[in-house]
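Next up is a structure, given as structure tokens.
Lettered A, B, C, D and E in written order, each chain numbered from 1.
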Amino acid sequence: MKRTTIPFGPQHPVLPEPLVLDLILEDEKVIDAIPTIGYIHRGLEMMVERVEYTEMGFVVERICGICSFMHGMGYCVSLEAIMNVEVPERARWLRLVWAEISRIQSHLLWLGLGADAFGFENLFMHCWRMREQILDIFEKTTGGRIIHSVNRIGGVKRDIADSELAAILAELQELGAAFKETARVFGTDPSIAHRLGGVGVLTKADALAVDAVGPMVRASGIATDTRLGGAFMYDQIDFEPVVETAGDCLARVLVRLREVDQSIDIIRQAIDKMPKGEGLPIENRPRGLPSGEVFTRLEQPRGEVVYYVKANGTKNLERFRARTPTFANIPAMIKLVKGCDLADVPNIILTIDPCISCTER
Amino acid sequence: MSFFSRSPWILHYDGSSCNGCDIEVLACLTPLYDVERFGVVNTGNPKHADILLVTGSVNERNIEIVRNLYRQMPDPKVVVAVGACACSGGIFARAYNVQGGIDKVIPVDVYVPGCAARPESIIDGVVQGIAALELKHRMTA
Amino acid sequence: MTPAIYALLFVLLAPVFGGLLAGIDRIVSARMQGRVGPPLLQPFYDVGKLLQKRTRQINPIAEPLLIAHLGYMAATGALLLGGTDLIFTVFVYALAALLLVLAAGSANSPFSFAGAERELVVLLASEPFFILMMVAVCKVTAASTFGGVLASSQLVAVQLPGVLLAFVVVATIKLRKSPFDISISHHPHQELVSGLTSDMSGRLLAYVELAHWYESALLCAFMVLLFNWSVPLGLLAFAVAYALEVLVDNATSRIKWQLVLRSTWAATLLLCGGNLLALFVMGR
Amino acid sequence: MDTTAFLARVEEYHRDGWRLALINVTTVLPAAPAAHGAQTAVEAAAVGAAPLDGPGVFEIAWGFARGGEFKTIREQIEQGQSVPSISEFFGAAFLYENEIRELFGINVTGMGVDLKGQLYKTATRVPFSHGAVKARLAALAASAVKPS
Amino acid sequence: MSLPSIVFALVALPAIVGAILSLFTQATLRNAIVVIGGLLVAAMAVATVATFGGADGAFFGLPGNMALGQTLIVVDFGLTAFVVAISLKHRRVLAPILALAQFAIALYLEVAGRLPEPDPQRLFWVDRLSMVMILVIGLIGPLICINAIGYMRAYHRSSPMIQGRRTVFFSLLFVFLAAMFGLVVSNYLPLMLVFWEITTICSFLLIGYTRTDETIGYAFRALNMNLLGGLGFGVAIVLLSSQTGGLDLAILTHGPAAGALLPAIALLAFAGITKSAQMPFSSWLIGAMYAPSPTSALLHSSTMVKAGVFLLLRLSPAMSGSTVGYLVAFVGLLTFLFVSLVAVTEQNTKKVLAYSTIGSLGLIVGCAGIGTPELAWVGVMIIIFHALAKSLLFLVIGTIEQRLYTKNMENLDALLSLMPRVSALFLIGISGMFIAPFGIAIAKWTAIRAFLSVPGPAGAAMILIMAFGSSLTIFYWGKLLIKILSARRQTDYERSIENRVSRYEWLTEGALALGVIAATACVGLISNQVVGPYALTAFAAAPRVFLAIDPAILLVMLSATLLLPFVAVLSWLNPTYDHSDFYASGRSANVGHVMGAALGGIKRVTLRNYYLDGVVSGGLMFRTGTVACGAVLAAMVAASVVIR
């Protein structure tokens, strides 16, 4: 029997990135969805052959323009582990602060895109307006809006003055208060509930079966968060992973909404606990050439990222590999898209918070 | 002056960009930059667009897509390469799957530098694109 | 003035009205979103540009269908004001709407086709209301033409509160506003890309836009029918209703076609049908 | 590699509630460039093609995570050998497995979802095969020694 | 020639042609007889109307001293014997019981002498409605017969498994026309019943033409339901036989019926409802879709179902204002609503056409039941325009089916590219069914206006049904239009498809298409000269305006619509015409109708219409409609007895 085929992507306004799906429809019910990626694959991992390890961090930052801080940090942390560098405490705290700010930035960006996908342009605009404030903080403290290049192997390039940290915290808390109103709309608007509630339900069992990560699984009732591992000063922070149980698109939105608040709170704790003062050390330069290998895991806005770095005693790494969260979440997305409505497809794709350039590198 | 300068509709396509320039293109539409003040609309459809904004480089796979989108745009049309990757391939120029800047496939009218390109530069690029559009319109009219 | 002059005025002035309305709409929406928004005359610039642009056609039948769409949309208003039977104008209106569906469907391509099918669904959702509304207006006033209704001493809106409410709901479809903008959206981030107009370019798109302006003016004329005792009051009521539409547009997401159909049919059946039933039972 | 024993271990991880965190492959060239006193691969390649001659191996790591724990199964295979798919236990493995087949040319038997070489569809076919890596390094070396 | 003799000639001519056809098996000769016979019938129909002129009506009897009663019994016996024999052959029980019951009634009336002697000068009645029917039958019927020459040739070529019995087939088509002519000129009810039963038997044989188990099943379903209606007709005659002048249709229906007449009127209406395939008896017409397309064209347009609505329109003045009438109207209107709901979920094109027929007939039934001059006007208008458009549609869909080998409307996409001329005919047919300047839309509009004056909740309910039902028709016709009105590049093979359509089909379908356009252009004339005067005469009403709009507006709209193809051609020939491929997220290929597939390679574009899955269930709607209309029908019969 005849069915409609909708070529969803690579150029499709719902998702600025080139994700490709062939949607096979009856009316608007998705009978089958044939996915593919590869429109954005650059071959970034091969760059280790030509870029020396000291500069590879700049390449790694450009895996993705949304998670660039975390990627840079992950790379430096990996090299620090291989080269046994002790990073000064203040630098570690500063990394945590930036990481959490970047999580807020990413979530706001995503919430806006998600709202636009289900036709709520107003929310999109408001989320992105708030996101600009975060970008201003980044620009003030690192010099870049998108690509920050503030991480170094052994520490960070810049310090943030204590007074400025306090100002940032105040600004974030103010933003958090304003964000409450936006979050209320997401959580209570009936038309949003119609579009997201009960749509794309990933059960707890399914979430485990497809090895999904991040907010995706937390929305399905699994309290997992790489930050709980305690590395990168998170052991000194008091926080609980945000968990929702419904597993639908709405739950995934709610998880991210609450994580914005959570991140602001984590930043507060970090600024509270970090050693204060002018001129504290923020960088320990490593010596020699790296040799050895390491697996590094950390929690990005989209979930757990795993880096593998292998060095063989030369200036060039032998292997760098990043398994990004979206890579782990794509099987879940494919599973959810089958059987939904055409109108649900953007919501399902977006609620996994896809980052295709992360995925394909 | 024709209506082209007052109503430039854009189409954004993400080649193999890292998302950096993409989100800056989107940011242009949002309250802080609000390019709709100049009549700019993000159409999402080549058949409606006057200006093609491409971010990221071309690779084996998306080269056909870029060509197709450009072909589907009705004349007069202008291409703006946004960011280092779209201009030249940028930091990834030598990666095995990157073929280079957008000008490898389609004629580029305006190059917007930056990694990532800042919204101000993108808006500036679009404004220069409008001038090119106006010129092309006058040449064909 | 004779009805023929009203008809002519509609054909000439409705685009101005519709274009300005669209311009105001875009500014108000932008302000609600914390933006400045485009100039007031932006819709005219857009259509002007579209007419100046080269048109790439996907087949030779889309253009005649769109010209007919535009023509019939203008004709609907002209017939309405020109004193033709009210219920008949609804039939012409449906034909005008259908022609847009056919023009989009003729592209035989995925997004246009899906847009056309969705438009057919919203046509199905909205059509009963317009028939019922005209029937109700005719029933209340015992007139069958625009002039007759305006001349009637019966206050239509007072006797048709249900119809008035249902009008506000269903007009959302025709004004292509969220939550019912499923087949074509003023915002690009739609799962159907541009829906109906995905394969139209240049002047074809301009026809669609112009026809939409005529449609806005037509809906305004419908509102005047409901407030038949004073034309300025009818215009004011339309302005209030339109402001409400813009507000709702900015405060809701786009809903799915199933709910569009169910909710508008429910509104039509309960509000409009109930109102009509009351009229018939009371024997007016 | 011992396929049966390998799959038994994978099954054990699956049973014990581990999650597949990644499958990584490293292309190991015949001799590490460092052995020749070179500081970079390019320098090594410039010293002469000799160190790059001979068959290389692929190091494959299946990484599993459970909470904060992380464990790997490591195997080394030679070019042309195949590895079994673990998608029977970890359904999400298909993406990794398609990827390593496309990028490294390692044949994975019994994949859950076979994307038939359409995942990345790279310009350079099998860009991380030993041959491709060697060719890139050689070209890099040639351009490096060329007087500019 | 005098009017009576030309009317007798009109009834006899097709019967004679049918008899001659049954003698010749040679194809060329048969084709010649069909064409010549068909043209003669058409000429005779026109001659009849010309002879009738502008009179209000005329009554006449049989020439000479024919013993009508005995003749009728003999024919009745023959029909009954035939039904019993064929039922025994196929081991069916219900049909012979119904047939025997009806024969028993006839025999009882005749033997017991209960049948009052009819007025010998009032056996036949012709008026404007008869003339409309004669034109519909006499012009459209022969075209269908001629069309069938080409269709059946292709049909037997594409389905070699089916045993060819074309001799019987063509013979039956003409006999059917004869019976219909007889039916529409009868005034004496027992006489009409005989013609009524002949049409039942003819349709039974035509539906079962292919003699497969499936079609035999459908044929018997049609037979059972129509015999049931015939039985109702018979019982009505029994009830009327005791009334003075009761068996005289013109007297029976000259004004609102009351008292003892009502149950008989109700039973006659029941018969009309079965014949016009209203719910709960719709399934027989759907089953009839499995017969060759000319059969469908004939059953749907000029014969069979039209006999049902013809009878109901005749009864309309009698039902006017009564509860029985209202309930009959609701059977029709509810049928219209429910079959429209079913039609939106149907993929089989012929079935969509069938549901549309049932819906249109439902509207006529609705109009007839209320019984006002306006609604009678609407009913006759729908008969005219529906017969033209629907016969065209069935013939066209038959032509398409035999060339594209598909019944599914999903496979008709880009028909305009594949078969442009056939598509044009198809489009005219569909436009005739629902688009504004064309007749049925005008009729629907007038119906809505007329329902406005129906008082009380019934009026509101009728308006609601009209509003929702009309919208549903826009939806299902719109879907079909989208499929046809789409374009793509064809292969050489596809380009040649249309060349295989026979001359017979081109001429007949072309003539019908012209008919649709001409009738639309002349809608004012038809209204003023024929249908309006009929309605006024039938209801003895004062003159009034039926078409509440200047026909010039309709003419302008029609011309504008007909101009569109020329605009398309002009645009195509314009040197600045710039072709572009379609938008497919950047994946379309500039050659052919394909796009890049996700996993490499290319993919044909496939598009499927929406069927409101999950919102409307066709099966459920059909069952609900059947139950609802069954209940209303039962209430109608009960009301006729209880309320009187």
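Methods note: contacts are C-beta pairs under 8 Å (C-beta built on N, C-alpha and C of every residue); 3 or more make two chains touch, one makes a residue touch a chain.
Every value quoted in this text rests on a predicted model; they were computed, and no experiment measured them.
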Just tell me the minimum hop count from chain A to chain B, counting one hop per pair of touching chains. 1
Starting from the defined contact criterion, work out which chains touch chain A and chain C both, please. B, E
Write down the pair of chains with the top C-beta contact pair count. C-E
So which chain ends up in the middle if you average the CA atoms? C
Length of the line joining the C-alpha centres of chain B and chain D, rounded to whole Å: 37
Averaged over CA atoms, how far is the centre of chain C from the centre of chain D? Could you give it in whole Å? 61
So, what's the distance in Å between the C-alpha centres of chain D and chain A? 26
Of all residues in chain A, which are in touch with two or more distinct other chains? 4-5, 7-8, 10-13, 28, 36, 38, 41, 43, 46, 50, 113, 124-126, 129, 360
Contacts with 2+ other chains: residues of chain D: 115, 118, 120-122, 124, 127, 136
Touching at least two other chains at once: which residues of chain B meet that condition? 13, 30-31, 42-47, 59, 61, 65, 69, 72, 74, 96-97
What are all the chain pairs that meet the touch criterion? A-B, A-C, A-D, A-E, B-C, B-D, B-E, C-E, D-E
For the complex, which residues does chain D have touching chain E? 115-118, 121
Chain A - residues contacting chain C, complex: 4-8, 12-14, 28, 113, 115-122, 124-126, 129, 189, 191-192, 194-195, 341-346
Can you name the residues of chain B that touch chain C in the complex? 2-4, 6-7, 9, 30-31, 34, 36-39, 41-45, 47-48, 50, 72, 74-76, 137, 140-141
List the residues on chain A that touch chain D in their complex, please. 36-38, 41, 43, 46, 49-50, 52, 208-212, 224, 226, 228-230, 289, 291, 295, 297, 304, 306, 308, 310, 312-316, 318-319, 321, 323, 327-328, 330-332, 360
Considering the complex alone, what residue numbers of chain B touch chain E? 13, 45-47, 64-66, 68-69, 71-72, 74
